[in-house]
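Labels for the chains are A, B, C, D, E, F, G, H, I, J, K and L, by order of writing; each one numbers its residues from 1.
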Amino acid sequence: MADLLILHGPNLNLLGTREPGTYGRATLDDINRALADDAAKAGYGLRVFQSNHEGELVDLIQAHGPQVQGALINPAALTHTSVALRDAFLAVGVPVVEVHLSNIHRREPFRHHSYLADVAIGQVMGFGAASYRLGLAGLIDHLAQAAG
Amino acid sequence: MADLLILHGPNLNLLGTREPGTYGRATLDDINRALADDAAKAGYGLRVFQSNHEGELVDLIQAHGPQVQGALINPAALTHTSVALRDAFLAVGVPVVEVHLSNIHRREPFRHHSYLADVAIGQVMGFGAASYRLGLAGLIDHLAQAAG
Amino acid sequence: MADLLILHGPNLNLLGTREPGTYGRATLDDINRALADDAAKAGYGLRVFQSNHEGELVDLIQAHGPQVQGALINPAALTHTSVALRDAFLAVGVPVVEVHLSNIHRREPFRHHSYLADVAIGQVMGFGAASYRLGLAGLIDHLAQAAG
Amino acid sequence: MADLLILHGPNLNLLGTREPGTYGRATLDDINRALADDAAKAGYGLRVFQSNHEGELVDLIQAHGPQVQGALINPAALTHTSVALRDAFLAVGVPVVEVHLSNIHRREPFRHHSYLADVAIGQVMGFGAASYRLGLAGLIDHLAQAAG
Amino acid sequence: MADLLILHGPNLNLLGTREPGTYGRATLDDINRALADDAAKAGYGLRVFQSNHEGELVDLIQAHGPQVQGALINPAALTHTSVALRDAFLAVGVPVVEVHLSNIHRREPFRHHSYLADVAIGQVMGFGAASYRLGLAGLIDHLAQAAG
Amino acid sequence: MADLLILHGPNLNLLGTREPGTYGRATLDDINRALADDAAKAGYGLRVFQSNHEGELVDLIQAHGPQVQGALINPAALTHTSVALRDAFLAVGVPVVEVHLSNIHRREPFRHHSYLADVAIGQVMGFGAASYRLGLAGLIDHLAQAAG
Amino acid sequence: MADLLILHGPNLNLLGTREPGTYGRATLDDINRALADDAAKAGYGLRVFQSNHEGELVDLIQAHGPQVQGALINPAALTHTSVALRDAFLAVGVPVVEVHLSNIHRREPFRHHSYLADVAIGQVMGFGAASYRLGLAGLIDHLAQAAG
Amino acid sequence: MADLLILHGPNLNLLGTREPGTYGRATLDDINRALADDAAKAGYGLRVFQSNHEGELVDLIQAHGPQVQGALINPAALTHTSVALRDAFLAVGVPVVEVHLSNIHRREPFRHHSYLADVAIGQVMGFGAASYRLGLAGLIDHLAQAAG
Amino acid sequence: MADLLILHGPNLNLLGTREPGTYGRATLDDINRALADDAAKAGYGLRVFQSNHEGELVDLIQAHGPQVQGALINPAALTHTSVALRDAFLAVGVPVVEVHLSNIHRREPFRHHSYLADVAIGQVMGFGAASYRLGLAGLIDHLAQAAG
Amino acid sequence: MADLLILHGPNLNLLGTREPGTYGRATLDDINRALADDAAKAGYGLRVFQSNHEGELVDLIQAHGPQVQGALINPAALTHTSVALRDAFLAVGVPVVEVHLSNIHRREPFRHHSYLADVAIGQVMGFGAASYRLGLAGLIDHLAQAAG
Amino acid sequence: MADLLILHGPNLNLLGTREPGTYGRATLDDINRALADDAAKAGYGLRVFQSNHEGELVDLIQAHGPQVQGALINPAALTHTSVALRDAFLAVGVPVVEVHLSNIHRREPFRHHSYLADVAIGQVMGFGAASYRLGLAGLIDHLAQAAG
Amino acid sequence: MADLLILHGPNLNLLGTREPGTYGRATLDDINRALADDAAKAGYGLRVFQSNHEGELVDLIQAHGPQVQGALINPAALTHTSVALRDAFLAVGVPVVEVHLSNIHRREPFRHHSYLADVAIGQVMGFGAASYRLGLAGLIDHLAQAAG
C-alpha cells in the first residue's frame, strides 16, 4: 500500500491542551486518527511523526520522503525560521502540502512569511483541526491528478 | 434551504481557456457544478457570481451577505488591491473563506499579500480547481463547528 | 443657488447598520439631511451620491465637479487604493475636503495613507457623523475666504 | 463652569507674522478670542497656553488635564517628535483633539507622521485658523455625545 | 481588415480641457483621429474605448483582445493600482504597448511603478499626444517583426 | 558617603495615579524610599530628581554626573526621542543603568528602540516598580566589580 | 517545595572560558550555584539545564514548564532566531524572564531583536553573571506580586 | 543644417553579436544608418558616438550639447549608475530622449531605476532597434512643438 | 552695529572637558572669543547663547532672530531630533549656517540626518573648533554676497 | 599530527543524489576522500562530520574546535538562519572557512545573507565539489601564513 | 614648498556657464586663482585638476597624493556613485576635505549620501564658490593642528 | 596555447604599498607571477591588465573576452558600482570568477553587494593574495569540467 508522510512541528504535541480558544480541543491523536481514516479511504497508509527538533524533521523527510507518495506538514514555528526543512523537501523531491491550524495572517507579522510556501503544492490554514483533513484531501487530489 | 455565496473575481470567467498549464482545463462552470453538488450534499444551496468589477462584487456582498450562512471567494487580482472587498465583508459580517487556484507564493512578490487574508476564516491555495472544493468543505465544517 | 458635491465611497450605504460600536447609529440619510440643513443655512444646495464603484465616483466628479463650488468626500476604502479619484479631482480642479468617520490612525497601518490627502484642502476624521458636518463647515469657510 | 484646555505648540506665538502666505494673517490672539466665543456659546470656559517647551506643555497637561473636560492641541513641530506629549495625554486620560493650520500631507514627508494621532479623538487640518474652530466644535460634539 | 485595440484609462476623456500646461491641448478625439490615420496607413482598423471603470476595461480586453492583433493602452491612474488589467492582458495573451502622455518619472513617487510595464512589449512616455502615435508605431513594428 | 543619581523622566511624577493596571499602584515616592533603603545598605546616598523637561535632565546629568559614582534612569518617553540625554551621559562618562516599569517590547513599535540602550551598562524592564530596585542592584554590583 | 526552571541556551556551557573580556570569568556552575542559593532563600528549588539544541530546550520547557512556578532563560543565540522557544512558552503558559550577560544593544544589529521579549515578563541584560541573579530576583518578585 | 546628438553607452558596440535572442540582429551601424535617414527626412544631421567610458560620454555631451538641437541616448548600463551623465545634460540644457532596446522592467530589479529618466523629455523602451527610431521621432516631434 | 546670533546646543557647555580626543581641548569660551574677534573684523557684533533646552533655543531664535543679520548654530544632539528648531528658523527667516565639531558621517547612523540641513545656507563639519570659524566666515561671505 | 575539522550542514548527506544538475554527481564520501588526500599532502589529518541538527554542529565545534588548527564548513541551510553556529565559532576561536557548492547569489534572495561570513576568514562558492578543495587550500594557506 | 592637491569632478569645468542661478557666476579659473592666493599666503603651492573621468581622478590621487600634504575635492556627481575615489584616498592616506558648491541636502534624495564623507576630515557645502575657500582654510588649519 | 584573462580593478596597482595590515605585502607583480606559474602548469597563458578606469576594463573584456577561455577579475571598488562590467561579461559570454583580497563581509555594508556575483561562476574572498590563486584554480577546474 502506498504511504503518505504526516509531519507535525514543534509544540504540536501539546495540541488540545494549548490555548484551546485558539487551537480547539482536538488532540494530535484525534487529528492523526481522522487523517488515517481519510487516507485509508483513498487507499493510502500514513507514517506520522511529531518532533520539536528541526534536525529530526529533516532526518524524517530524508528517511521517509523517497518511500512515500506525498507529504503533509504543519511546520508550526519552523514555518518562519527553517531553511533546512525547505531544502530537505527540495532534495527529496516529494510533493508536500503545508497546513496551519490558525490563520497565520491574523497573528504577529513575522508569522506571515513561510520558508516552505513556495516549494509546497499549496497551503491550507485557519480551519483548526480541519486544516489537516483539507490539506490531506488536497494532497490526495493532487496525486490523483498527477497520476491521471 | 440555507445558502452560501460563491464569488469569482476578475478574469476568472476565462478559466479553462486561460493559461491551462497554470490553471488547468476546468472551466468556471465545471467548478460551479462541482461546488453545487458538494453544497447540496451538506444541505446548502449556492448563489454564484463572477464579476470583473470591484464595485459589483461589493454590491453582491452587500446584497447577499446578510442572507447567506457563509461566503467563498477567489478575489483573483483584487486580492492584492481591494480594501473595498475587505470592508464589505467586515460590514456584512458573514464568514468568508479565501481560495486561489495557483500558489500565490510562487508568483510575483506583489501577489504574496492579500488584503482579505486576515478577515477571512482561512485560506486554501495551490490545488487548482480543487482549491474551491476544499475551501467550501472548510467553510461548511466551520459553520458546523460554530453551530455545534 | 450654488451647489456643493457630497460623495460617499464604498460600503457607506450600510452606515448605521455596520459596526455601530465603531461608526455610530446614524444612517447615511441622517447624515445627508444634517448636511443639507447646514448647507442651506450657508446658501448652498447639495448634490449627494454614494457608490461602491470607483469608476462611478470618477464619473460623478467629472459630471458635477465643474458645476459645483466645492466637494466633500468620504472615500472610505478607496482612500487607500484609488489614484483615479485623486486624478479626477486634479483634472476637475474643484476644491475638495476629505472626511472619515473613524480615526484612521487607530486602524490597520495600510489605512494611515491617503492618496487624496495632499490634493485635498484638508482632512477631518474621528468624530463619527460629526466629521461630515465639520468638514462641510471647513469647506464653506474655505470658499468664503477664497471669495473674500 | 466646565473648562476646556487649549494648547499651542512651538512657534505658534509667531502666528500672523509667520509666512502669512501659508498660515494666514490671523494672530494667536485672534484665534483664541474666536475659540473663547465659540466655547462660551457651548457653556465652556477656556484655559489657553502657548509654549515653545515640550516640558512645559507636559506640565500644563498634567496640571490642567484632570480639571478640564477636554483638550484641543496644535502640537506644531512636536507633532512629529514628542512621545512625552502622547504619554501625558495617556496618563491624564482627558479627551484630546489634534489640529493643524496647514495640511501636513502637503509638506515634508517627516510631517506626515503624528505621535499624537492615534491617541486623539480625531484630527482637523488644512483650514488655517478655522482648523481650531472646527476642532473645538468636534471636541464639544464629542463631549456631548459621551455625556448623552 | 485586422484590428488593433486602443484603450484610454480613467479621466482621459477630459483630455484637452485638463491641465493643458501639463498634457497639451489635444483632445482624445484628436488623438484617436490621428491614430486611426496612422493605423489605416499600416492596414489596420482601430477599436477605440475610454472608461473610468477598471472593470469595464477588463471586460473590453476580454471581449476584443482575442479578436485583435495587438493593443495600445494608456492606463492612466490604473497604471499604478490595477492588477486586474495586468491579469486580463496575461489571460488574453494579446501583445500590448503602454503609453503615457507625461513622463511619470517626473511626478509623484507612486507614479513611478507600473503594474503593466513588465507584461507589455514596451513603454513610451513623455511626448504628450505623440506618445500614442509613437506607441502605435512601435506596436505595428513589433507585429511586422513577429509576422516577419 | 558616595552618591548615586536617580533620574525619572517625563510623566513619572504621576506614577501610582496613572494607568495602575499597567504600572501598578506604587507612587514615585514609594519607589524612591525603597531605592534609598537599598542604596543605604550598600553604603550609597541618593540624589533623586524627576523632570518633564529634557533640558532639565541634561542639566542634572551635567551638574551631578561628575560627583556621583553611577546613575539610574527611567527616561520614559525620552527613551525613544532624546539624543541629548545620550550625549550628556557620553560627555560626563558616569556609568548608567536604564530601567523601565513596563516591558517596552509589548508596546507600540516606536517604543522598542532606545537611544540610551547602547551607552548604558544594561537594561532592566518589565518588573514594574521592582525594575528600579533590580537596576539599582545591578548598578551597585557593577560598581563593586569595577572597584574590585 | 516549589521549583523554578533555569535554562541556558547554546554555547553558554563554555562560559568562563569564552571571551572573558566580554562575558567575565564566572563559569556556568558558578552562576548556577549562586542562583540556587538565591532561590533557596526565597523558598524555591531550581531545575537547571543547558543545551545547544533548540529542540531540547523546547522539550525541557514542555516537560518542566507545567510543574514549575516560573522560568528564567538566557536564550543566547536562539534569542534572535527561535520562534519555537517563543511558542513553547506561549503553550505552557509559565511566566518567564529573559536575561543576557552582555548588553545586546552594543552588539551586531541582528542581536537587537528578540523573539522572546514580548512574551516574557521582562528583560535584564548587560550585568554579566549578575544579570541572572537580577532576573531571578525579578521573577521571584513577580511571583510574589501575582500571589499577593 | 541643424544637428542632433546620438549617444550609445557601454557595450552597445557589440550590438548584433550580443545575445541576439534578446537584442535582435541589427548592428549599431544598421541602427545609425536608419536614424540618419530618418533625421535627414526631418532636416537634421546626426553626430553619432559610442563609448564604454562614462567620462567620454560626459565630454561628448559637453562638447556637442551646446551645438545641437537635441540628444538621443541609450545609456545602457550607465542608466542605473551614472549621476555624471544626468548632470552633464542638466548643465548643457539640451533636450534629451532616453531609449532602451529591451524592456528594462522585465529585467533585474536594479535595472528598473534610471538616473536619467526624470531629466529626459521621455522614454521609449522594449521595441529593440525600433526604440531608437521611435525615440528620434519623439525628439523631432518635441522640437517641432517647442519651435511651433 | 549689525549683530549675528551664535547658538550652541545641548552639552556644548562641557566643551574642552568632554572627550578631548574627539572634540579637542578648546572650551566654549575659547571658541566664542575667537568668533567675536572674527566677527568684529567683519564689522559684526555677536549675541552668543548656549542651552541644553530645545525650548530655550527656540525662544532665543524668536527673540534675536528678527534683530540679527544671520545665525550660526551647532545644534548638537538636537540636529537629529528637533523639528521645532527648524520651524523657528523657517518662521523668523534669518539666514542660518549649521556647524559641527566632529564629522557626523563618521558616527552613529542616526547622526547622519539633520533636520536643519536643508533650511540652512550650508554646513561645515569635521574641523573641530575651526568648524565654527569657517561657518562664521561662510555666513559673513553669504551676507556680503546677498548685500552685494 | 595536527587536525582540521570538516563540517557539512543539513541535507549534504544526500549529495550526489540531490539535484545533480545543480550540485553535480560527487557524493559526500567522494568529497571527503579528496579533502583527506589534500590535507594529508599538507600534513594535516581531518575530522569529518555531517549533521542535519544545528545543535549537533554546535556540539561538534565545541568538542573539536579547541583541538584542531582550523575548520572548514559548508553550513548549507544554516548559513542563513543560525546564530548559534556563529557563536560557537566565536567562542572557540578556531579559524574557519565557509564554502558553498552553488553560487548563493544566483539563488533566492534569502540565501544571499550568511550569518557566518564575517566571522569566517573567507568564502569560496560556486565551484561545486571543488569549492571544498579550494576552501581547504585557502585554510591551509592561511594557517601557513599565520604560522610563518 | 609643500603642495596641496585640488580636484574638481565631472562637469565642474562648465562652472560659471552652468545654471548661474544655482551655482553663481564664478568660473573654475576664478575659483582656482582665489585658492592659489589663499594657499600661497599659508605657504602652500597647489596642483589643480579637473576631470569628467572617475578613472583619471583615481590616477591623479595615486600620482599626486603621496607627494602632497593634503587634498581638497569637489567630487560633484561622483560623490554619490564612486567607491573608487573613496578607495584611492584610503590607499594613499592623504588628508582630504570634501566641498560642494550647493547644499546637497536641498537637492534630490540620492544626493544626500556621499561615499567620501566618512573618509574625509570634514565637509563644507552650500556657500557657492566660497565653499572651496572655506574648505581649503579648514584643510590648512587641520594640517597646522596635526603638525602642531 | 589557450589564454585566460586576468583583470585587476581600481587601486590594485598600489598593492603591497596600501594598508599592508589589511592586504598583505605582496605586490601586484608578485601576484601576477604566481598566477602565471599556476596557469602555465595547467597549460594556459595569461593576459593580465590593471586599470583604474571602468571604461578601459570594459574595453579589455570586449577585446580579449572572445579570445580567451575564461576570466578572473578582482573588480575592487567597481564590484559595488559597475553594471557596465556585468554587462560586458554578459555580452561576451566568457566564464568569469570573482575574487577579493579581503573578506568584503567584514567591511562597510555597501561592500556586501556585488553587481558581478550572480553572473560569475563563483567567488573567492578573504585569503589575501591567495584568493587569486584559489580563484584561478577554480576557474581552471571549471573549464576542465565543462570540457570533460
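Keep in mind that, in the parts below, contacts are C-beta pairs under 8 Å (C-beta built on N, C-alpha and C of every residue); 3 or more make two chains touch, one makes a residue touch a chain.
Being a predicted model, the structure only gives us computed values, none of them experimental.
Undergrad: With contacts defined as at the top, give the pair, A-B or B-C, that has more of them.
TA: Looking at A-B and B-C side by side, A-B shows more C-beta contacts.
Undergrad: Pick from H-K, A-B or K-L: which pair repeats the contacts of J-L, with over half of them the same residue pairs?
TA: Most of the contact pairs in J-L are shared with A-B.
Undergrad: How many angstrom between the C-alpha centroids of chain J and chain F?
TA: 47
Undergrad: Centroid of chain C to centroid of chain K, CA atoms only: how many Å?
TA: The computed centroid separation for chain C versus chain K comes out at 55 Å.
Undergrad: Note the residues in chain B that touch 2 or more other chains, in rising order.
TA: If we look for residues of chain B contacting two or more partner chains, we find 53-56, 81.
Undergrad: Within the complex, which stretch of chain C touches chain E?
TA: Checking each residue of chain C against chain E gives 53-56, 58-59, 62, 81-84, 86-88, 90-92, 115.
Undergrad: Flag every residue of chain D that touches chain I in the complex, lowest number first.
TA: Chain D residues touching chain I: 9-11, 13-14, 17-19, 51-56, 76-78, 80-81, 110-111.
Undergrad: Quick check: in the complex, which residue numbers of chain B touch chain A?
TA: 97, 103, 105-106, 114, 117-118, 120-128, 130-131, 134, 137-138, 141-142, 145
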